[in-house]
Each structure stands twice: as C-alpha cells, then as structure tokens.
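Same chain, two partners: chain A is paired with chain B first, then with chain C.
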Partner chain A sequence: MQQFVNVTLSGLTQGMIYSAFALALVLIWRSTRIVNFAQGSMAAATAFIALAIINAGASYWVALVVALIAGFVMGALVERIIIRPVEGGPELNAVIVTLGLFVAIQALIAIIAGSSFQSFPTPFGVRGFTIGDTTIALTPTSLYVIGSVLVVMALLVALFRFTRTGLAMRASAFGQEVARLLGVRVGRMLTLGWGLAAVVGSLSGLLIAGGGFVYPAYMDSLIVFGFVAAVLGGLDSPIGAIVGGLILGLALSYISGYVDRGSALVNVSALVILMVVLLVRPGGLFASSTARRA
Partner chain B sequence: MSESKTPAPAAGPGRTTEELIEEAPFTATAAANVPSAQAAGGRSFLPKSTLLRHLLIVLLSAVGAVILLEVTDPFTNSQLASLTYYAIAAGGLTVLTGLNGQISLGHGALMAVGAYTTALFLQTERGEDPLPLPLILLVSVLTATVVGALVGVAAARLHGPYLAGATLALAVGLPGLAVYFQGTFGGDQGLRVRAPQPPDVFTNFIDLVSGASATGTKWLAYLGTICLLITYFLLANLMRSRIGRTWRAVRDQEVAAELAGINLGTWRVLAFVVSAAAAGLAGGVMALVVRLAAPTNFTLVLSLALLTAIVLGGLGSLLGALLGSALLVFLPPFVTDLGADLGLDSTEAAQIAPLVYGVVLIVAMIFAPAGFVGTLRLRWMTARAKRATAGRAADRG
Partner chain C sequence: MSLLAAATVVSTVAACGGSNDDNGGGGSTGGANEASAPGITEDTIKLGAHYPLTGVAAPGYSEIPTGAQAYYDYVNKAGGVYDREIEWIYKDDAYNPTNTSQVVNQLVLEDEVFAIVGGLGTPTHSAVLDFLNTEGVPDLFVASGSLLWGEDPDTNPYSFGWQTDYESEGKVIGQYIADNLPDAKVGLFLQDDDFGEDGEAGLMQYIEDQVVETQRYTSGNTNVAPQMAALQASGADVVVGFNTPSYTALTQLTALQLGFKPSQWIYSNVGSDPALVGSLLARFSQGAVSDASLLDGVITTEYMPGVDAPEDPWVQLWQKVWDESGQEGELTNYRIYGMAQAYTMVQALQAAGQNPTRDDLIEAVETVGADWEGPAFSPFRYSTDSHLGISGMQVVQLAGTAADPQTGILVTDIGDADIEESEAEHATPPESGIPDEEPFN
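And then the complex of A and B:
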C-alpha cells in the first residue's frame, strides 16, 4: 500500500512535468501545425542559462525568471528566423528543420557548457513529508512542481480566455486568412505563440532538472514523453495534453516501480503506449474533431 | 530528341532556376522523379536497358572502389569501411523518405537490430566455427526486415510529424531493450564482435591486384563495398521499376494513387520494409567494422546524421545518399581538428560535428530543399529546357 501511494505520487509529479512539456508542443501545433522537436534542446539551453546564473551567486528565483525570459526570446527568435521560411510548406521540411535545430542547439550547449553531468539545485527540500511514522514520496519540491505547472496553466487559460491578445492568437490559429482580413497581425501572434510555448517548455525543463543533474541531452527522453502525452491527448487539445501527461506519468511510474529493473523499460514502454494509441485512436483519447486522415 | 519528352512537368521551358527552387516541395520531388538520361532521350553512352545500365555502373564502381582502396592508406581504408555502412543505411532511408515521403528517425534503431543480430551469431563457443558471414548478414537483414515490417505497419497510418515522433520514440526506446536484457545483449557494455578472418580467395585477389598485405581492415572495407554495391544495385533497380513509380505516386498524390487502385498502406509498409532491410545490413557491417554492438553506438544522433546525409545529398537520390555519407565520415575528423585548434578540449570538439549536421539540415531545408544532387539536376534540367526553347525560337525565326 505504501509503495502504491509513493509510486502514484511520483507518477503524478512526473506527469505534471510531461503535461507542461506536452502543452508547449500543443501550443505550437495549434498555431503553426508544426511539432517542435527542438523544444527539448531549447529548454535544456535555458536550464543551462539558469545554472550559470545560479553558479554566479544569484538566487534560484532570479535564475528562474531570467531563464524563462531567455526561453521566450529564444522561442520568438527561432520562429521569426528559422521556422517562418518553412511555415505552410510541406510538413516534412518543417519536421527536418526542427530536428536540425534540435541537434544544433544540443551540440552548442555541449560545446559551451561541456557534456559532463552538473547538479541542478532546487529551492525546496527533496525529503518526503512524514505522516505518522511513514515517509511518503511527496516532497516540498514535488509540491512546488505541481503548483508551478498549475499556475502556468491557469495563466495560459486566462490569457486565451479573457484578453484581446489571447483572442487574436486563437483567431490566427483557427483561420489565418480570416484573422488577417479582420486585422489581426497573424505573424506577430505566431511569434508570440512560439515564445509562450518556449516559456512553458523551459519551465518543464527547469522543473525536471531540479534536484537532479543536467547534461546537454537530458531532455531527450522528455521530448518523447511530451510527444506521447500530446498525442494521447490528440495533439490539438490543451486539456488533452495535460490529462495525457498525467496518464503517461502514472503509467511509466507504475512500470518502473513494479517491474523488476523496470527503469530500463521506461522508454520502450512510452514507445509501446504511443504505438497503441496511434493504432487504436489516431486522433487521441479526446479528439474533438472526427479522426483526421492519418 | 523530341520535345514531348521534356523530363518533368516542373521543368517546363522558360522558367528560371530561382522559380524552380522556390517551389520547393514539387521541385524537390521532381528532382527525384527525373527519368534517367536514357529514358529522357538524351545522348548517352550507356546501354538502353535499365538492368544492363545499372550492371555496367556497378561494374565500373567496383573497379573504381578497388583502385581507391588499393591506393589509400589503412586509415583511409577503415574510414571507407565506415562510409559503406553509412551509405547502405542512407540509401535505404532515401528510398523511404525521398521516394515514398515517409520520414524515419528510427533507422539508427533498425541498424542496432542488424548489428546485434550479427554480433550474436558471431559469438560462438571456443573452437566452434560461426556460420558463414554472408549467411549471418542475411539473417541480420531478415531480422531488421521483420522489425521494420512491425514498425512499418504502424508507420503506414501516420504522416509527417506523427511519423517523426513515433520513430523518434523508437530510436530512444529500442536501445533500452539491450540494457534490460543484459544477459543476452551485454547491457551498457554491449557485445564485442570478433571479426572473421579474410578468406583465402580475398588474400589471393589482393596479391594479384597490388601485392599489399590483405589485412583485416582491408577485408572489412572490401566486404562493406560489396554489400554497398549489391544494395545500391538492388535499390536503383527498384527505384526505376514499377514499384518505385508506385511509391512516387503514393508520395505525391494519395487520392489519385488510390483511384488508380493502389493500396496506400501496403506500399508504405513495403517501402519501410525495404528501407529496414538496408538498415539491417548496414548495422551488420557496422558491427563488423566497429567490432562492437553497444547501445551508445545507436543514439538518436546516428539517426539524425543519416537524415542529414540524405537531405544534404538530395532526397531520393542514391548518389546523394553516398555523397552525404561521405560527409558523415570525413567531416567529423576535419571539424574536430578545427575545434582543437580553436582551443576546445576533445569532448567539446567532438560536438562540432553534430552542430554542423544540425546547421546543415536547417540551411539545406530553407535554401536548397532539393539537396546537392537535386539542385544540380534542377540546374541541368533548366539549362536544357532553356536550350530547347531557344532552339525552337530559332526554328520559328
């Protein structure tokens, strides 16, 4: 029983991070119909920026804010300079460009910051709370993770629901031509969307790094998990991405918790889950539209 | 040469190269679609039959390869051996991506399947002879084919980013199995491969050709070259056959292809299977050349490097795949030295190669989506179309 609670709790915490990352992918997919495979590398880059600031003596929070701003700038720049020429073109070209970006940024990190493992601090403790005599897997850090992801999601919902900018962004994602005719600066909205997505992605990168180690490729499996979570939710729906992330987090946590030497199987399990979902429900678990032609 | 046989629709007369290159999607595919010089009615010294022409090219390439391998030093020989396995895998991938429009980031994982199969079959008890090498490589191809078919069935229903994501998961996930089943696959350490001794035929042959010593390295380079030539011969014939044409139809016009009675799914799976077979052979050769099958050999960077090779060379072109693979082999030592000169330490300098791959992918996709061979071919076609128009104008005048 105690193990079950612990595995579930850590699954939920991981799941929240996957959700955030999946949300970043979904934000970009909705506006530009591109899956940003470079999201992980971009997030890793901001994590290394944060680490450099912390090592220079600043507090975690300063580093967090700077890293998120850096993520926003990077996302916006990437959209403007690199993605714009392939937007609306054949989907293969955009995929290849984001993959190129993925390798290039990762290599650049390794050249600048080195490939070694570096420990990344967390503002809160990593010792579990105790209830009675037993220590459970819920730590102050995991509360911080869950809390910050929830806050960011609430902010995003508020942005899209209650502001004119959010409305304009939704309009340009819904129909570029129509939005442009109605006076929406679609190009700017796309740039803004990429920037925001990069902020969410960076946050998930910083959260998963907290209390652990970072190295240039530490986000590799998170890209896969984020993608699987996003596809679970249909790639089109933000709520779907969040639920998909939680489901995936729990599933992977049970596998690594209960299967003997299961941690080696986590990546393969993600692959199997993805394949099953794509074959059984290609539109995702919560597809709002009828299945798109696969 | 009759006017009606102007090669591809995209290269109509009077259009500039710039116009052609701007129409990236169509021109890129058109470049892969160009009929051979013979089919287009151009002047050519090559035989008319596709089979004979390809056989002749293979023969000439074989002679060229022998000369190249005999005049170069052992280090270059081993580099050329690496080139062969990259080129085999890239050839398979360019058929899949260039001809059939399916992207795969999982070819590194499929190479791993071939490599581990070869390594397992070469591991025998002391004193016991392993199976003959061609048979082992064949088994590796078959194993990769089976895995490729499984993946292909799933992949046939996906497209673009979905397919990229699914195969990405394959590339990241599959090496984990080698770690999980460490009893069989040796875990993180991987399996050591004892490369078989060169046969007597080979020793005699080298004696005859150059009199140099027939070392193991040289044998592996020749073995890789033989595999490469066979693979490219088969792939080239396939591309020019009914099957290749059907793949192109599936890529370019799904609806029209379906109306013509083509079952999209079946042909997509077939493309994946063929491509996986090439990856399996590449993995087998790689295991022999590297003498190791370990998870660290089959990272995501390998799959992305293969993608770089075919994008740079030109999607759908075997020559492009070969040139791109040459880049994968000869670029890293070059840029690593460059990095060392700039004062980077060795691990940092080793990262310059992936950096270049990434930048190449981005730049090529934005500025020359048809790749190296495709862009050259387009220029050639444009020039020819211009000449044809000029000729016609002169006739009228």
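And then the complex of A and C:
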C-alpha cells in the first residue's frame, strides 16, 4: 500500500513538472502557432543563470525573479532576431530554426557553465511528510511545484479568456493578416507571446531543477515528455496540458514501478501513449475544435 | 632535478633493451626507432580513448582522462617511451553508444591511433568491440568491469579488461554479506545492463536466499522513486547498488524523500566516491545530511589505494604527478584511476619493445602482463586464456572521506573460483615514478 501511494505521489509530482513544461509549449503555440523545441534549452539557460546568482550568495527568490526576467528578455530577443525572419514562411522553417537553437543554446551553456552535474537548491525541504510512522513521497518541494504550476495555469487561462491582450495574442496567432486589419499590432503580440512562453518555460526549468541535479542537457527528457503531455492535451488548452502531464506522469511511474525492468520502458511507453491517444482522438484529449488550423 | 634523473632512467632502459635482445621481429630493440605500426612514428605514439565528458555519466568519469593526461605528460617530460612522446587523444561520447561508434571510428580511421586505451563504459564500449577486434586495433584496459573485454580472448583477441570485473566484485560483496549480515534481507539496485547483471551473478552465488527484491534502472532516466519505493516495500534492510555515482546521489536523495532507511547501504566500487557524491548532495543538507558524512557507514570495495590513503606511496606518486601537471582541480580517485591505467599502459608499451606492431603489444600483455607490479592490490590475470584485469578487492567501510578496511585483499576469479585472502606484500612504486619493463621478446 505504501508503495502504491508513493509511486502514485511520485508520478503526480513528475506529471506536474511535465505539465509545467507543456504549459509553456501550449502558450507559445497559442500565441504564435509554432512549436518551440528550443524551449528546453532556453529554460536550462535561465536555470543556470539562477544557479550562478544563488552561488554568488543571493537567495533563491531573488534568483527566481532574475531568471524569469532573463527568460522573458531571451524569449523576446529570440523572436525578434531569430524567428522574425522566418515567420510567415512555411511552418516547418520556424520549427527547424528552433531545433537549431535548441542545440546551440545547450552548447553555449556547456561552454559557459561547464557540463558537469551541479545540485540545484530548493527553498523547501526534500524530506517526505510523515503520517504516523510512514513517510510518503510528498515533500514540501513537491507541494511548491504543484502549487506553482496550478497558479501559472490559472493565470494563463485568465490571460487568454478575460483580457484584451490575450484575445489580441490569439488573434495574431490565428490569422496575422486579419488581425492586422483589425488594428492588432501583430508583431508586438508575437514578441509578447514568445516572452511569456519563455517565462513559463523558465519557471518549469527552475521547478524541475529544484531539489535535483542540473547539467546543460537536463531538460532533454522533459522536452519529450512535456511535448507528449502538451499534445495529449490538445496543444491548445492549458487545462489539457495539466491533465496530459498528470496522465503521463502517473502512467510512466506505474510502468517504472510495477513492470519488470520498467525503467527501461519509460521512454517507449511515453511514445506508445502518445500514439494511442492520437489514434483515438487525433486532436488530443482537450482540443477545442478539430478543424482549426493556422 | 628529479625530472632530469627520470629522463636518464628511461634512456638507460632503452639502451639496455638493445643489448639483451636480437631475435628480430617487430618487437626488437636496439636500432633506430621506426614507424613500425599505425600510430607509431619515429618519435611519437598516438593513443586514443572515449569518455563521457558531458551528460549523466560525466560527473567523476570526465576527470579520468585528465589523470591519464597528467601521467603521460609526466612520462613524456622524462623522455617518453623508447624516446617516443605519447600523444593522448580522447573524445566525448556522452555515454551514448551511437556517439562512441562515431568517435572511435574517427580515432582509428582519421587520427590513426596505435591503440584505444581506457575507453569507458559497458554499453558504450560494447558498441565498438567488434569494430576494434575486426580491424585488429589493440583495445587495452577498457574502463569497465564487464566480463565482455576479458572473458573470451578467442572472440575478442584485441580487447583487455583492467579493473576488477563486476562478477568478482559481486562475489566478494556477496561473501561479505553472507558472513557478516547473514540475517539481512537484501534489496538489489542494479543498472539495467551487463554492469548490473555481472554484479548480480556474483552476488547470487553467496546470497541468493537473502535477496528479497531486485530493481533495475536505466541510465538517463533520473526518476528512481518507483524503484526505491519497491525496495522500501520489500522490507529490505540492506541495499546493494551496482550503479554509477550520479545514481548513488539519486538513490540517497530519493531515500530521503521516501523516508527509506535501510540499516546498511552497500555500493559497488564504481558508484561509491564519497567526495563526488557528497558534493552533489551537499545542497540538500539543511540539517539532514552534510557532505563529508553523507556516505558515512556505507560499505564498498577498493582494488587500489585512493585519496583516502594520502600516506600510501602510490598516492604520493599520483599527488606529485598531478601537482606537476598543473591542471585545474584536486587529485581525485577518478584522476588516480586515469593515472594508474596510464601507468599500466606505459608498462605495456615498454614490454612491447622498441618497434612494436599492434600484435606485439597484445602478445606482450598476454605474456608478461600478469607479472607487472603496479598500484593495484593484486595482480592482473592476463594470459592467452584470460584478458581479465585486476584479480582482487578489499571490502571497506566509508567514514567521512576515509575508508576503513573490513577484510584483507580478497582474490578471486569469475565462475565458481574460490575467494582467497592474499598474503602478498603490495609493491611500492619505482623511485622515478615510471615503470621499467623489459621487452617481452
């Protein structure tokens, strides 16, 4: 029983981390219609900025704020300087550019910060809570992760649903020409979308890093799992991203914990889950409308 | 001054070689240096290797080539081997077998190295085993305790192991548990490849009836909570890990999260470096753990002296070599590993003769390798029938960064070979710090 509880809790926490990353992918997809594969290494870059600040003696929270601002600036700059020239061309061009960025940023981190493992602090404890005599796999750090992800999701839903900016961002992504004719400053909205997505990505990078180990490629598996979670949820829906992440996290945790040699099956299983869901519901679990394409 | 002295010693060796050998063949000595094989010129010998310099296996392991570099520099400053300078080229494979194939291809075909020396990792090096043996490239002293490199010289005549193989290590640990913790319920945490399987095979010879749970992890998948939860649920009070150092840190961290407190942790030699694991976990202390004491009480094995024995003459030699190399960082057990392997390689090159072919090098290791004295507590097993390396280990318990011996030097071999305690005195290093082996032919 204790094992089941712990495997479940561990899966939920992992799932929330996948969700956080999926949220960033959803955000950028909603606001620019591009899947940004560089998101992972951009997040890793900000995590290393935070780590440098913490190593210099500042508190975790100062580092967090600086990293998020750095994330926003990086996202906006990447859009303005690198993505803008290929925007409006075939969709694939932008995707390929983000793949190139992914590799380049990762290499840059390795050059600047070195490629060795470093532990990343967390403002909260890493010991599980105890109920009576049993310790459960839920730590103060995992509560912090879960809480942060839920808050971010709520903010995103509010942004897109209740604000004019959110509407303008969706309009810009959906149909640039039409939006421009209606007076939306499309270029600015795209930059804003990239900046915000990078903030969410950075937050997910920091949440993943906290209480664990970082190295330049530490986001690699998260990119895959986050992408699977986002697609499971329909790529379009913040709530879908959360649900997709949780489903994936739980499924992978059960497979790893209960299937013989399950640890080896984790990566394959993620892709099998993705294929099955796409076969049954091609638009993902939470697609708002199947016919909508940019 | 000491450098000059060392230089003299080596040139004397070269000269002596000439006087006692005239039976021709590639290994003959005395005349001029010739470009006798790929990677050998009149004044250089090119050696290559692959290491994980980035990625999940990089912590610790990426220091090994810096140690080897320090020792080759030391030998080169003293005149090299037969007046040839050793060129040491190592490339990053990120512990990814696909990359290993690529970089080893480059080393053999583009850089044209004489031999691959100390290529690291079981899954990685497996990917190039056939290639090297088909091409006839000496594949010496693979940095992995898998049986693959040494068990079957007929199939892989060019490959040699170096460190004590994982099966022998499993036997030594298994016997220790059976003797000292006979009532313990044992949980195994194994890397899901030959590393874990060989270790398991050795352990099972002694504690099959004590093992209550076996969990395997895949390198690269850093969430080990499901595995640790299963070990916890099994009621295991002794956990034996055949895993890499990062996973020692991960298991300790995850056990903390789960409140899993087995009465004894045992890690294989590979995963037990207290300095490295401690530095990884130091951040999460907050009263829970402090870096040096983190692995206190953990049981592991040693097959040669490490930084925990600063008085040992070998460690003093390594310290001197490391200081002279002027590279950044402290002397670590990983750097010692690299230096010790380079020491064996210099022995092999000396034994192969002045103008060796690749086959001379192999024959030299098979013929005289078992007699070489070096930093290891017990001799190599090299012969025409076995290419397995160091034959014995000692069980130790960690206390801070020191290691407290629990047994004598236990010498064994794979299969059902007995474990025997060695009485032999551990050799001390030559004064110059450079071996002085005669050509084998």
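The rule is simple: the second predicted complex is superposed on the first by the 285 of 294 C-alpha atoms of A that agree within 3 Å, B and C clash if a C-alpha of one lies under 4 Å from a C-alpha of the other, contacts with A are read in each partner's own complex, and residues count from 1 in each chain.
In the analysis below, contacts are C-beta pairs under 8 Å (C-beta built on N, C-alpha and C of every residue); 3 or more make two chains touch, one makes a residue touch a chain.
Everything numeric here is computed off the predicted structure, so don't read it as measured data.
**Student:** Following the superposition defined at the top, how do chain B and chain C come out on chain A, clash or fit?
**Tutor:** clash
**Student:** Using the superposition on chain A described above, determine whether A:F48 touches chain B (first), chain C (second), both, or neither.
**Tutor:** Neither partner.
**Student:** Compare chain B and chain C by how many residues of chain A each one touches, and report the one with more.
**Tutor:** B
**Student:** Is A:L99 touching anything from chain B or chain C once the two structures are fitted on A? First, second, both or neither.
**Tutor:** Only chain B; A:L99 stays clear of chain C.
**Student:** Just chain B (first), just chain C (second), both, or neither: which does A:V224 touch?
**Tutor:** The first partner, chain B, only.
**Student:** In the overlaid three-chain picture, which partner chain does A:S10 touch, first (chain B) or second (chain C), both, or neither?
**Tutor:** second
**Student:** Considering only touches as defined above, state whether A:W194 meets chain B (first), chain C (second), both or neither.
**Tutor:** neither
**Student:** Does the superposition put A:F21 against chain B (first), chain C (second), both, or neither?
**Tutor:** neither
**Student:** Going by the contact rule set out at the top, does A:S115 touch chain B (first), chain C (second), both, or neither?
**Tutor:** A:S115: touches chain B and chain C.
**Student:** Could you look at A:S256 and tell me whether it touches chain B, chain C, both or neither (first, second, both, neither)?
**Tutor:** A:S256: touches chain C, not chain B.
**Student:** Looking at A:V266 after the superposition, I want to know if it touches chain B, chain C, both of them or none. Which is it: first, second, both, neither?
**Tutor:** both
**Student:** Does any part of chain A touch chain B in one structure and chain C in the other, and if so which residues?
**Tutor:** After superposing on chain A, chain A residues 110, 115, 216, 221, 261, 264, 266-267 contact both chain B and chain C.
**Student:** In their shared complex, at which residues does chain C touch chain A?
**Tutor:** Per the stated touch rule, the residues are 53-56, 58-59, 62, 192, 216-218, 220-227, 229-230, 232-233, 246, 249-250, 253, 256-260, 280-284, 286, 288.
**Student:** For the complex, which residues does chain A have touching chain B?
**Tutor:** Where chain A meets chain B, its residues are 29, 34-35, 37, 82, 85-86, 89-97, 99-108, 110-111, 114-115, 216, 220-221, 223-224, 227-228, 231, 235, 261, 264-271, 274-275, 278-279, 282, 294.
**Student:** Under the stated contact criterion, what part of chain B meets chain A in this complex?
**Tutor:** 24-25, 97, 101, 103, 105, 154, 157-162, 164-166, 168-170, 172-174, 176-177, 179-180, 300-301, 304, 307-308, 311, 339, 344, 347-348, 351-355, 357-362, 365-366, 369
**Student:** Mind pulling up the chain A residues that touch chain C in the complex?
**Tutor:** 2-3, 6-7, 10-11, 14, 110, 115-117, 119-122, 125-128, 130, 134-137, 139, 211-213, 215-217, 221, 253-254, 256-258, 261-264, 266-267
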